[in-house]
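Heads up: the structure comes next, in structure tokens.
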Amino acid sequence: MATTKLGFIVQRPGYKSENPKLALTHAIASQSVEIYLDDEDEVTCDVAFIGDGVLNCIKDQKAVENYQLNSTESHIKMALLCDLNIFVCKEDLDKYGLTENDIVLDANEMGGDLEVKVVPYEEITKMMEEMKHLLFF
Amino acid sequence: MATTKLGFIVQRPGYKSENPKLALTHAIASQSVEIYLDDEDEVTCDVAFIGDGVLNCIKDQKAVENYQLNSTESHIKMALLCDLNIFVCKEDLDKYGLTENDIVLDANEMGGDLEVKVVPYEEITKMMEEMKHLLFF
Amino acid sequence: MGKLTIGCFASLVGSTNLDFAVKLAGAALDKGHKVDLWVSGNGTMLSLQDQRAFKDYSYLEKPVKELMEKGLNVTACEACAEARGYHDSNTLEGVKRFSMDWYLGSTFDADRVLHIGGE
Amino acid sequence: MGKLTIGCFASLVGSTNLDFAVKLAGAALDKGHKVDLWVSGNGTMLSLQDQRAFKDYSYLEKPVKELMEKGLNVTACEACAEARGYHDSNTLEGVKRFSMDWYLGSTFDADRVLHIGGE
Amino acid sequence: MKLAVFVSDYRMTVDTLERLKPEKMGIILVQNGVYHASVKEKGKTSSILDSSADLFALKEDLETRGIDPASIDSKVKVVTFGDVVDLIFNDYEKTAWL
Amino acid sequence: MKLAVFVSDYRMTVDTLERLKPEKMGIILVQNGVYHASVKEKGKTSSILDSSADLFALKEDLETRGIDPASIDSKVKVVTFGDVVDLIFNDYEKTAWL
């Protein structure tokens, strides 16, 4: 039994390119990766939003209403439902004057338990050290 | 008889996106636009390189050798052969320490007469004022 | 009422460049303007038929068809399309394919041109 | 000898992102490494068959075919492809299509992963 | 010249905007450009808001990003796609998408 | 961690590079990132060249842009695609494409 840990780092705002959304959909795909692996092997994904990437986390995104497109917000909630670790850099939120009130924090209304972790950048550095591979978006 | 003047402004370096190249190929297409117009009507295109866009003009681009792709340099020469006005912002060349020695200046070897015009930004502003429509790349 | 020519070059499905162009075209048609839409570069992906609708991706085939019924004129750059493997046989019905000079021709009598380049 | 998994997401024909991925894959194969190439987002345009070769556009169909003969494993994101109108029936021969979990599966035993995201 | 400039990015990679000096200018913030109307960095608003141009931001693109149109900087007028069409045709002669 | 960072743009829209503090870092300049190795603005070289990381630039991408590999800053080593493969496998453990 082995585990390969992947760290997804989202450093840009959403909607300009698909990448922030694809970061989340790919991370969520870790839920079904076992079809390609031996029994008990697994791939886990942690996701961190840093820099302008934290703008992806602002809540109440009306992307379906305006562009008939699932919002990045909904993908973050889906990732929480799948029990993925979602980190948001505290220094970057501070830089923008954003608080936990302004961002997606949980998927409670969908029955999720896990919450977004607002952490100092140092913790995200630590996460990056622990991962086997890094994927920057 | 009427003329519509278009100003193409290239403000980014090439190869990352197709846009600087497409600016030139679209401008060159003014040579055959008459099939869509009445007799003696025409569309003319001036092209200006400003900001980081001047990096497109550096000569000896080996894009065919390395990527089997026509270079932006070859498109600039083609535009000169078609007698298009090509402006390059002098202040921006100066900023990069580039001189007329470093950039594509003419298409003499292909039989072209026209030369690239290295001009102060003010002249490019004047060109923009004179055009009916502007297309920024 | 005037004529608006929109050119859309940069195009990322999932970005909103093509979405923006299509929505602006719709708003202009609603106000009685004539609209030409030229797609070049990666923008030509708008012209491929039979795109599947997922909520995770921009799905413009339907709105474009509806706008073409209202008079929207859509033309794709033929070379840009061919280079990507988009041929006459798999082009969305109603979308035309011409050389780049078509775009310039469209600007000739356009009152306004919005060229969406960028990156 | 190791295994390299390359993921290419941003992809502009005429940019050099996909070109870069393909050339790096070739260099790694030449050195005896195993290479998986995952294309997602607009990168899936690599998977469409019958792209026409022009000197003005990146033409990767030929080099990709040659590298697949040397063992390159190319898989396109199925949903990203379908959303763009790229279906099983018009996929370049030899290119596989799977869900996103394939990419993660490929990283499991990869010695190195190069994820080309960007914009 | 009367110029409507579209700004679609938050981090701009070109310096064209500050070099354009038309007689009349409108800046229309769209896509990720709308962050200029709402986001402060270290308490400071975007330098675009210091421009003497008329400023607009697209309602649909604000909402898509979770930004309440009522909350943005008072210098910026919220507009719809229909308003953008009117701006282009009635208030300006040329456009620039940077 | 030993990290190979790929820089593919000249105007970077992210501040990640300066925040990465791995034990060992290599910066591989590719695509428009190669301008960092050659272009000076107002006489000043790119701040990337001040980094303590090992610096590399891809030969093919220099040449494509008309830059003579022999002319670039002496801090930067010119590499081929094959060299990049070796760097990834032999000198670093993880990669980051910014």
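The first chain written gets the first letter, and so on, giving A, B, C, D, E and F; residue counts start at 1 in each chain.
By our rule, a residue touches a chain if its C-beta (ideal position, glycine included) is under 8 Å from a C-beta of that chain, and two chains touch if they have at least 3 such contacts.
What you see is a predicted model, and the numbers here were worked out from it, not measured in a lab.
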Determine the set of chains touching chain A that also touch chain E.
-> C, F
Quick one: which chains contact chain B and chain D both?
-> C, F
Two candidates, B-C and B-F; the one with more touching C-beta pairs is B-C
Answer with same or different: of all residue numbers used at the interface between chain C and chain D, are over half used by both copies?
-> same
Identity of the chain that, by mean CA position, is farthest from chain C | F
Work out the mean Cα position per chain and let me know which chain is farthest from chain E.
-> D
Measure off the straight-line distance from the CA centroid of chain A to the CA centroid of chain D, and report it in whole Å.
-> 25
Separation of chain C from chain F, taking each centre as the mean of its C-alpha atoms, in whole Å = 38
Express in whole angstrom the distance between the two chain centres, defined as the mean CA positions of chain A and chain F.
-> 28
In chain B, residues with contacts to at least two other chains | 12, 15-18, 22, 25, 52, 67, 132-134, 136
Tell me, which residues of chain C touch at least two other chains?
-> 12-16, 41-42, 56-59, 80, 112-113, 115, 117-119
What parts of chain F, by residue number, touch at least two of the other chains?
-> 8-9, 11, 13-14, 31, 60-61, 64, 94-95, 97-98
All pairs of touching chains, please: list them by chain label.
-> A-C, A-D, A-E, A-F, B-C, B-D, B-E, B-F, C-D, C-E, D-F, E-F
Name, in rising order, each residue of chain B that touches chain F in their complex.
-> 13-16, 52, 55, 58-63, 65-67, 71, 73, 95-97
Can you name the residues of chain E that touch chain A in the complex?
-> 8-11, 31-32, 35, 39-43, 60-61, 63-68
State the interface residues of chain A toward chain D in the complex, per the touch definition above.
-> 2, 4, 6, 12, 16-19, 22-23, 25-26, 28-33, 35-37, 41, 43, 45, 132-137
For the chain E and chain C complex, residues of the former touching the latter | 6, 8-9, 13, 30-31, 60-61, 64, 80-82, 84-86, 88-89, 93-95, 97-98
Where on chain D does chain F make contact in their complex?
-> 2, 4, 15-17, 20, 23-24, 26-28, 30-31, 33, 111-119
